[in-house]
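Chain nomenclature is as follows: A, B, C and D, assigned in order of appearance, with residue numbering initiated at 1 for each chain independently.
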Amino acid sequence: MSRLALLRSMLAIRAFEDALAVHPECGFQLLSSGEEALAVGVCAALTSDDQLLSSGRSIGPALARGLDPGAVMAELLGRATGPCKGKGGRGHLAQPSAGFFGAHAVVGGNLSIAAGVALAMQVERRPGIVVCIFGDGACGAGALHETLNLAALWKLPLLFACDNNGWSISTPRARALAPRRLSDLATPFGIPAVTVDGMDVLAVRDATQRFAERARAGEGPAFLEGVTERFATHSTATRETRSADEMAAIRARCPIRRLAATLERDGELDAAGLARLERDAADAALRAVRFAEASPPADIAEIARDVA
Amino acid sequence: MSPDAPKSTRLFFREAIARALAEAMHADPRVVILGQDVGPLGGAYREFAGLHATFGASRVRDMPVAENAMVGIGVGAAAAGLRPLVSITYMDFVMLALDPLVNYGAKLRYKTGGQLHAPVVVKATAGAKGQGVAHSQSLESWLVGVPGLTVVAPSNAADAYGLMGAALDHDGPVVYVDHKRLFPTAGDVPDAPVRVPIGRATVRRRGDNATIATHSYGCRIADAAADRLAAEGIRCEIVDLRTLAPLDVATVASSAARTGALVTLEEGQLPCGLGAELAYRVREEIGPIRVARIGAAPAPISGNRLLEAATLPSVEDVVVAVRRLLERPATNPRTR
Amino acid sequence: MSPDAPKSTRLFFREAIARALAEAMHADPRVVILGQDVGPLGGAYREFAGLHATFGASRVRDMPVAENAMVGIGVGAAAAGLRPLVSITYMDFVMLALDPLVNYGAKLRYKTGGQLHAPVVVKATAGAKGQGVAHSQSLESWLVGVPGLTVVAPSNAADAYGLMGAALDHDGPVVYVDHKRLFPTAGDVPDAPVRVPIGRATVRRRGDNATIATHSYGCRIADAAADRLAAEGIRCEIVDLRTLAPLDVATVASSAARTGALVTLEEGQLPCGLGAELAYRVREEIGPIRVARIGAAPAPISGNRLLEAATLPSVEDVVVAVRRLLERPATNPRTR
Amino acid sequence: MSRLALLRSMLAIRAFEDALAVHPECGFQLLSSGEEALAVGVCAALTSDDQLLSSGRSIGPALARGLDPGAVMAELLGRATGPCKGKGGRGHLAQPSAGFFGAHAVVGGNLSIAAGVALAMQVERRPGIVVCIFGDGACGAGALHETLNLAALWKLPLLFACDNNGWSISTPRARALAPRRLSDLATPFGIPAVTVDGMDVLAVRDATQRFAERARAGEGPAFLEGVTERFATHSTATRETRSADEMAAIRARCPIRRLAATLERDGELDAAGLARLERDAADAALRAVRFAEASPPADIAEIARDVA
């Protein structure tokens, strides 16, 4: 994936969420803004054989994986044209046919599921690998330990991608988690691990690439920690606990502006070009909203369908 | 209000919880709070507001996402002399903590021949409010059959206060089930440090045509249904169970014996639910009686507004059930 | 046996399980087994004997003590195309795995709008046999109300075989509940690869004085009780539920309608149990009827031989319950 | 505790279990034989202020902690004179008044309980520390991870004592657990950890002593792994999966013979002295059996007592 494509992908997420956040039907959402580089960098290393799983903060991962923004918006706004027919929503967004096995809103709950998907690929000798994106919050959960151990024992083709945005709702990572680096958690199991700047999409992509190659070669799991920043409140329904000063410093680390600056420095982009990309992204977001709005709401008869 | 009437103050449900906790923490240094975002944030629903500022980080502890250890530590600390409250933000995640709660806490007094016991309160928020299939479940019925566990579920601010006090006083594990939709409701809470006794239901509304037995947010649904039915001349009696384990069957049975019809209402699933249990116990007490039970439709509870509403029991469901029940002769063998 | 009768072989319950698994694994490479000590040991009860030798360590996987991940991996692998069986040696520890099972597996087809589903069998051993408070619980009633979950519970070798086949065929999560005291029991198992249909109870014994509805090891208790009652001239009909979710209420109701008396028998706790559910559903179908329910005493199940026996439902309990029920006139309002 | 006292303590456990194993009412038991040094070495570093918790393999830990053998035998044989009135049995043996907070038969289930006991001591500024003895099997469970993290964050006065006998029923540790050393699991949390020869009671005692001092000084938790051998089958009801040759090699590592040999070498013990100690231990075990046999069985009315 070219650097320009990475930029476009991040811009698409940002614009999509900006459009969603102001939508009257937005409701309860967890936004990925600020953390685009983690999702985009990880997905840049994946192929169509692979499967991605995420936490409930799923918009970035889903769009980075290439899901149709209109369909995603439809799902988030509860429309029948969402990939889950509007039944899953943000917390359970999924489109396995597009390589997005899905979000799961239980913190840490997708880790062992991801290992199961990886086991299926391994047993059936399918070519893909599996990536699970989870938050720093999930690093306190025993599910991580159990899954790391089994992934290591069985050499599963599984990448643990920790989106460490430093917060579990209002609780700073330092007050919830003792390890110095979260990637250290993988070390006792003999799992290669690295911590990168999660606001640097190129660093994320390159690290993922290396680990993905190992996994594809049958050498087993790896653990990538990306240190990121959450730009929005925990959810659209949660109050902000960080000060305005803190927020200013956080927003200054914008992964989009950072890549754009690099590209400008390297002469691959200028201000006009960036503005055009931003407009394109905003247009695409608007189209997604329009598609969702034009779609019928979820069918109430669905409560009796696909239950068992 | 007569000058002798007990003084009270209007509080939100969430404030009533915070007040009960603050009083308990002032009175007893052994009371500590463990939970996610209970500290500076004051809880997902502000039900812990102010406690961290007053009592400090040692007694109001923010915890990582580790429900199993949260409850395990709470139970262990209780067994060793503290009186912890452990907050599980969503009742769905009590699943992750059932092992320490049920396999250890609930059995501790028994298995040690009375040497140890665990005065811990596990506060868990049930109910659905737009947060999707894994953040919306009401699992009370799983807990009421666990020997050694007490389960309470307030429906209003006064009981939120009075049952929290009683739960913290209780010398064994108590699950305190509240509800997402109750936190922002307000009610008069006595200024005196009264307790709502564990194990006692109460009649919330008098009526002689049908009894509605329910708890927690169900009381508000039942009340709205009773209002609508009253307009048709049907007078419903509403029994608020308040404690789910042990169940106060006598209060429900005596009401049902008088009205001759019982509707049970719960937000959880019906199979092996509270309605089935109440129907059994009431019939055991008073013999054949018309019963209808209402609960969630047999489906996961989507975060989708429309699907959620269609899955949850509604005022309309109660109105229809009561009407249908009363259309049937009391002696009709079909008590559906 | 007539020459046309289907051929069968006498097998232990545990052998019937192993046979069903072996056949499924031969027929379908997607079937894998995950569990503690399922490999060279062949399972705590030898119910996996021979499978590791036949199918190798990749398809019969010994696992660490990590019930949450065991079931999570099983469910995830099922969603991605395998058909795993996950063995939880003691049903008590299903608690540790309820999150992946209930919050993910059971809701998967629904929440993805049919894109994914999880054909996983979680085999869990219920029942008490001297192993103490945390290794003795029968928690079936927690599971029967979970939308999306199927629950089966064989009572004999033939059903152990036939229900295992059906569970492995089923395109959604199935909890297969067996029982410590059943593994060493023997029975005739058809040589043909027959399935016991999910969702269908069966009448194990014909009688016209009272219906006993039960499952799993309860069938053996009921049968012994029926023998004793037969000597007194009381003929009991025994309905073996076989599937607990969805419950085959029709079979129980039609038997109870004929006999006029229903006794439910389960090893788990009574509150919000299967007995309450059956009583409700049967009365809903056929109107007032005498019902008694039998289950464990309301206490943890000690590993102490004497206390365990005093806590578990017994043959004597069933005999007494049936007798008492029949002493009451059918129209007596007290249906205790 | 003198080396002779350590030897006596180990002999007491061995003799007690030998007497129990042949008792007609023995029933379902998990024996500690072979693993005495872990329990005895750990308990040698404890005071009466401290609390010990153990897994379901509780006989060694309970006797090492100083519980009355007669009462323990009574509990194991279901007598009313056991500390739990015969209701707990092996898997749930407890006598907190004697510093044994108790066994818990859920693998890994006692870890967070132990942390709770330690939290109570810390909050109430009581002088004691807490030790939790658990098997290698528990190291696969997420409960360990969750508890290590919280113990480290809160600097709890808690020692994790892993009795690594190399087996979880029939599953060898290498097939269940990826880490090279189980003590490595503590490292990411910044918890000091060491692996010692668990058949060397002096090494166990000394390591525990060091860690206990730290914990008493408020410096927080530590992790001790002792590599041990299980002499008996997993339980009295489980079939042996190890070969006769393997068993011979295992039994050759006997911690009792090892300490006795050291004492003989140092001139503190001779063959006659050892024989006398063994006789004393056997006599004590016999007295314990007699006490239990003379005790009434658990009272059936107990099923209605101490439930709620």
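We adopt the following convention: a contact is a pair of C-beta atoms (placed from the backbone, for glycine too) under 8 Å apart; a residue touches a chain by one contact, two chains touch by 3 or more.
Source: prediction; values computed, not measured.
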Maximum centroid distance from chain C, chain identifier (CA atoms): A
Pair exhibiting more inter-chain C-beta contacts, A-C or C-D: A-C
Whole-Å separation of chain centres (CA-atom averages), chain A against chain C: 41
Centre distance in Å when chain C and chain D are each reduced to the mean of their C-alpha atoms: 36
Centre-to-centre distance between chain C and chain B (centres being mean Cα positions), rounded to whole Å: 31
Rounded Å distance between chain A and chain D, as computed from the means of their C-alpha atoms: 45
Shared interface positions of chain C, touching two or more other chains: 63-64, 66, 68-69, 92-93, 99, 103-104, 110-111, 132-134, 147-148, 298-300, 302
Multi-chain contact residues (two or more partners), chain D: 86-88, 92, 104, 106, 109, 140-143, 146, 149, 153, 175-177, 302, 307
Chain contact graph, described as a line, ring, star, complete graph or other shape: complete
Footprint of chain D on chain A - complex, ascending: 140-146, 148-149, 152-153, 175-180, 184-185, 187-191
Interfacial residue positions of chain C with respect to chain D in the complex: 36-37, 39-41, 44, 62-66, 68-69, 92-93, 130-135, 297-300, 302-307, 310-311
Of all residues in chain C, those that touch chain A in their complex: 30, 32, 58-59, 63-64, 66, 68-69, 71-82, 84, 99-100, 103-104, 109-117, 147-150, 172
Chain C-facing residues of chain B, complex: 68, 92-93, 95-96, 98-99, 102-104, 106-107, 110-111, 132-134, 141-142, 144-148, 245, 247, 268-277, 279-280, 283-284, 286-288, 291, 293, 298-300, 302, 332-336
Chain C contact footprint on chain D (complex, rising order): 27-28, 78, 86-92, 104-109, 137-142, 168-171, 175-177, 239, 241, 297-298, 300, 302-304, 307
